[in-house]
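You will see two complexes here that share chain A, one where it goes with chain B and one where it goes with chain C.
Right, the complex of A and B next:
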């Protein structure tokens, strides 16, 4: 099957993303063990290290999935090879090598003394952006080359599309905000203030727009959605996501030492944040009905639907449930947040990356249609696993919010007593069980990705057009 | 129909984004002013020379830190410069040991170990008067003990580093966080 070099690079990114997805699960299961087995690996491999690899694995598998998706779709969008593709290919291997070194240092060195050497070469100790500075610089370089690839290709092509325009405008803040991974501020209030610019304005703004672009392309290739309709929806989504999400940043500014006006601003705008996600669900239901739940590529179609529903439920409903300051005062910093985090990342981003993966596979395998039994099992187990984990963590978090926080007064003793309460410990066991179910779903996903569509016949011109080229 | 033209929606998207970004920029300028050390919400670093307690404010109807008379850390008085340097070092210790990947600060971080926002005034440590409290916390950091369902690992924290962390925790406990955490350490109905 003829493919652009950029699409080969996209596949490499998607493959690396899938490997990191697995690493994230392994370290997630490990992190869950510390909750049911007090003293587990103490002073050998502490909880913090397992959690750092788990969370950074999450960020990276999604980012690499996004980058892979863009490299996959761009040559189709502009009908030409990506400009500077050799540099893009080089940066892929640089990124993989850097990830390997950083993970090895996290695992074997773990931490250093209170000096600049630790910040540059071991661990910066800021949640989500623990990667040492040299690696953070490397990520900037990789993201810079990626942005150059996209922009130079549009420039050389002499034309753009609505989706590409939004993508390019989104890549600029995405890159600039990451520069916030470097500063070392003494004042925790200021540190957290800027840190949330990076974390929130990535996850609840620029990433949402990026996945919006990727899903726009996915819908056009998957079900032949009209460009005019998809691009109009993308603009509406951008208006709603950024219109509510930019000031929705305020829901992280309730309790970090910031002025009181953030309580009202953050509460009001984050209450509106589910609106674009609700719009996606409405549209997904409409599309699913129009296509009678059928498409030539069934796994990609179902993962696209899961994306819409998961985003609304995990990010929208579970997010809203704990976002108003009146409940956030007690839910903030409990397992309730972890529940929302697990469900939201999966629904908003994970499902979307898997949809693109199946779309690309249909093309590379030359399959006219893509279906089977294995993907259904992995689809079911992964979604049951994540819903179960989110549910278990929600029970634990509510238990904490009411008994540890509201009744117990948030002291160390209240926290420690809560960690031993049956509702909490049983929830932690339930989370571990559902985590194992999720891992089984991943194993079947891997099997399916290797095998699906390999026995199918050659791609017909119509299916080829639908899948990509 | 103009609504069927994507350019109509594009204009709306760009205008909305630009407006919200401008509002955020203005609020950021004001917020940074208020959260600088010595600002309305964040005391200067030399607050570590004072007693800090968590009190109910009848006017705001919420709890918050209250700065009292002299209460020296490790029995020493720190100048502004000394306090700044000590607390900056404390932050570096906190980052180098990735404390936020087990604990939370102002509720942000991991949820495996207790929140550290008001750790300085936690009843577990507040029962110790005067310099004894700072000494107890410093020793705990250097040789952590198991506390109920959690055991803190030994992270090789030196005496100097431990003192810097204690100073950091004391300063952080003085920050006005809009009533978070509610009723910290006070019995139910204490505000009546």
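Right, the complex of A and C next:
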């Protein structure tokens, strides 16, 4: 099957993303074990490092999935090879090597003294962007080359599309915001103020736009959706998501020493954030209805639907429960936040990456249709697993907000007493059990990715057009 | 805010958005498949959403501004599905891609 070099690179990114997805699960299970077995790996491997690898694994598997999806779709979009593809390929291996080295340092070195050497070579010390500074610079280089690949390709092609224009406009803040990983401020409030620009505006603004572009392409290739329809809808969604998401940043400013007006701004715009998500759900139901829940690539179709519903439930419902300042005062930093985070990341981004993965597989395997039993099992187990984990963490978080925060007054004694409360400990066990279910779903997903579509016959021209080029 | 009020208020807020989602999905399904048996479910979801909003306004210790926001959101949630669906249908009609 003829493919552009860029699509081969896209597949490599998607494969690496799948491996990191697995690593994230392993370290997630490890992190969950510490809660039910506090002495686990005592003085061998600490909880905070397991959590760092778990969360950074999450960020990277999604980011590599997004990059892979873009490299996959761009040549189809412009019917030409990506400009500077050799540099893009080099950067892929640089990124993989850097991730390998950083993870090895996290596992075998773990931490160092509070000095420049630790910052440069062990851990930068900033939550969610802990990669040492040399690696953080490498990430900037990779993101820069990726942005160059996209922009130069459009420039050389001498034309663009609506989706590509939105993507290019999104890549600029995506790259610039990452620079917030670097400042060293001694004022904690100022430091957190800018750090949230990176964390929130990546996740609830630039990533939302990026996945919007990717899902727009996915819908065009998956169900043959009209470009005009998809692009019109993308503009509406992007306007709504950015309109509510940018100032929704304020819900992270409630308790970090920022002025009081952030309580109103953050609460109000955060409360509006579920509105566009409801629009996405309506769109998903509309697409499902017009295609009678059938598509040549059923796994990709169902993962696309799961993306809309998961985003609404995880980000919309679970987010709105705790976003108003009066609730957030008690809930922030508890397992309640972790519950929202797990569900929202999975719904908003994880399901979308898996949809693209199946779409690319259909093309590479030359399969007219993709279906089977294994993907259904993995779909069910992964979604049951994440819903169970989110539910268990929600119960634990509510228990924390109730007893540790509201009754206990957030004291050290209250924190320690909380660790032995039955609802909390039982929820931690439930989270572990659902985590194992999720891991089983991942194992079946891996099996399916290796086997699905391999027995199928040659792709017809129509299916080829729908699946790829 | 009492400890009990935190849990009750948060649960009501989550229920509010969840019922809005249920209303949106049911409304869309009913319109897409012209299924009259879904009508009672739409009204039930709509009523549940409004009842939850009323409960938030009447029984929770949230500040009045947040209560107004919830009430306004309730009104917005009511119109989002029909507006979205109409917009989508119009877009697809122009392209001639509606299959049902």
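In this text, the second predicted complex is superposed on the first by the 469 of 469 C-alpha atoms of A that agree within 3 Å, B and C clash if a C-alpha of one lies under 4 Å from a C-alpha of the other, contacts with A are read in each partner's own complex, and residues count from 1 in each chain.
Assume a contact is a pair of C-beta atoms (placed from the backbone, for glycine too) under 8 Å apart; a residue touches a chain by one contact, two chains touch by 3 or more.
Since this is a predicted model, take the numbers as computed values, not measurements.
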Item to complete: Specify the partner with more touching residues on chain A, choosing between chain B and chain C.
Response: B
Discussion item. On the A-aligned overlay, A:402 touches which partner chain: chain B = first, chain C = second, or both, or neither?
Written reply: second
Practice prompt. Please work out whether A:364 is in contact with chain B alone, chain C alone, both, or neither, and reply first, second, both or neither.
Written response: neither
Practice prompt. Answer with first, second, both or neither: which of chain B and chain C does A:338 touch in the superposed model?
Written response: first
Worksheet item: Which partner does A:232 reach: the first (chain B), the second (chain C), both, or neither?
Response: both
Worksheet item: Touch check for A:330: first (chain B), second (chain C), both, or neither?
Response: both
Discussion item. On the A-aligned overlay, A:160 touches which partner chain: chain B = first, chain C = second, or both, or neither?
Written reply: neither
Item to complete: Kindly list the residues of chain A that each of chain B and chain C touches, one partner per complex.
Response: 228, 232, 236, 330, 406-407
Worksheet, complete the sentence: In the complex, chain A touches chain C at residues 225-226, 228-229, 232-233, 236, 264, 267-268, 271-272, 274-275, 278-279, 281-283, 285-286, 289-292, 312-313, 316-318, 320-322, 324, 326-327, 330-331, 398, 401-403, 406-407
Worksheet item: Where on chain A does chain B make contact in their complex?
Response: 34-35, 38-39, 42-43, 46-49, 51-52, 111-115, 118-119, 122-127, 130, 162, 165-166, 184-193, 195, 228, 231-232, 235-236, 238-239, 242-243, 246-247, 249, 252-263, 265, 325, 329-330, 332-335, 337-338, 405-407, 409-413, 415-417, 419-420
Item to complete: Using the touch rule from the top, collect the residues of chain B that touch chain A in their complex.
Response: 4, 6, 9-10, 12-13, 16-17, 20-21, 23-24, 27, 30-32, 34-37, 40-42, 84, 87-89, 91-102, 104-112, 114-115, 118-119, 122-124, 146-151, 153-156, 158, 161, 164, 172, 175-188
Discussion item. Quick check on the complex: what are the chain C residues that touch chain A?
Written reply: 1-4, 6-7, 9-11, 13-14, 16-18, 20-21, 24-25, 27-29, 32-33, 61-63, 65-66, 69-70, 73, 76-77, 80-81, 84-85, 87-89, 91-92, 94-95, 97-100
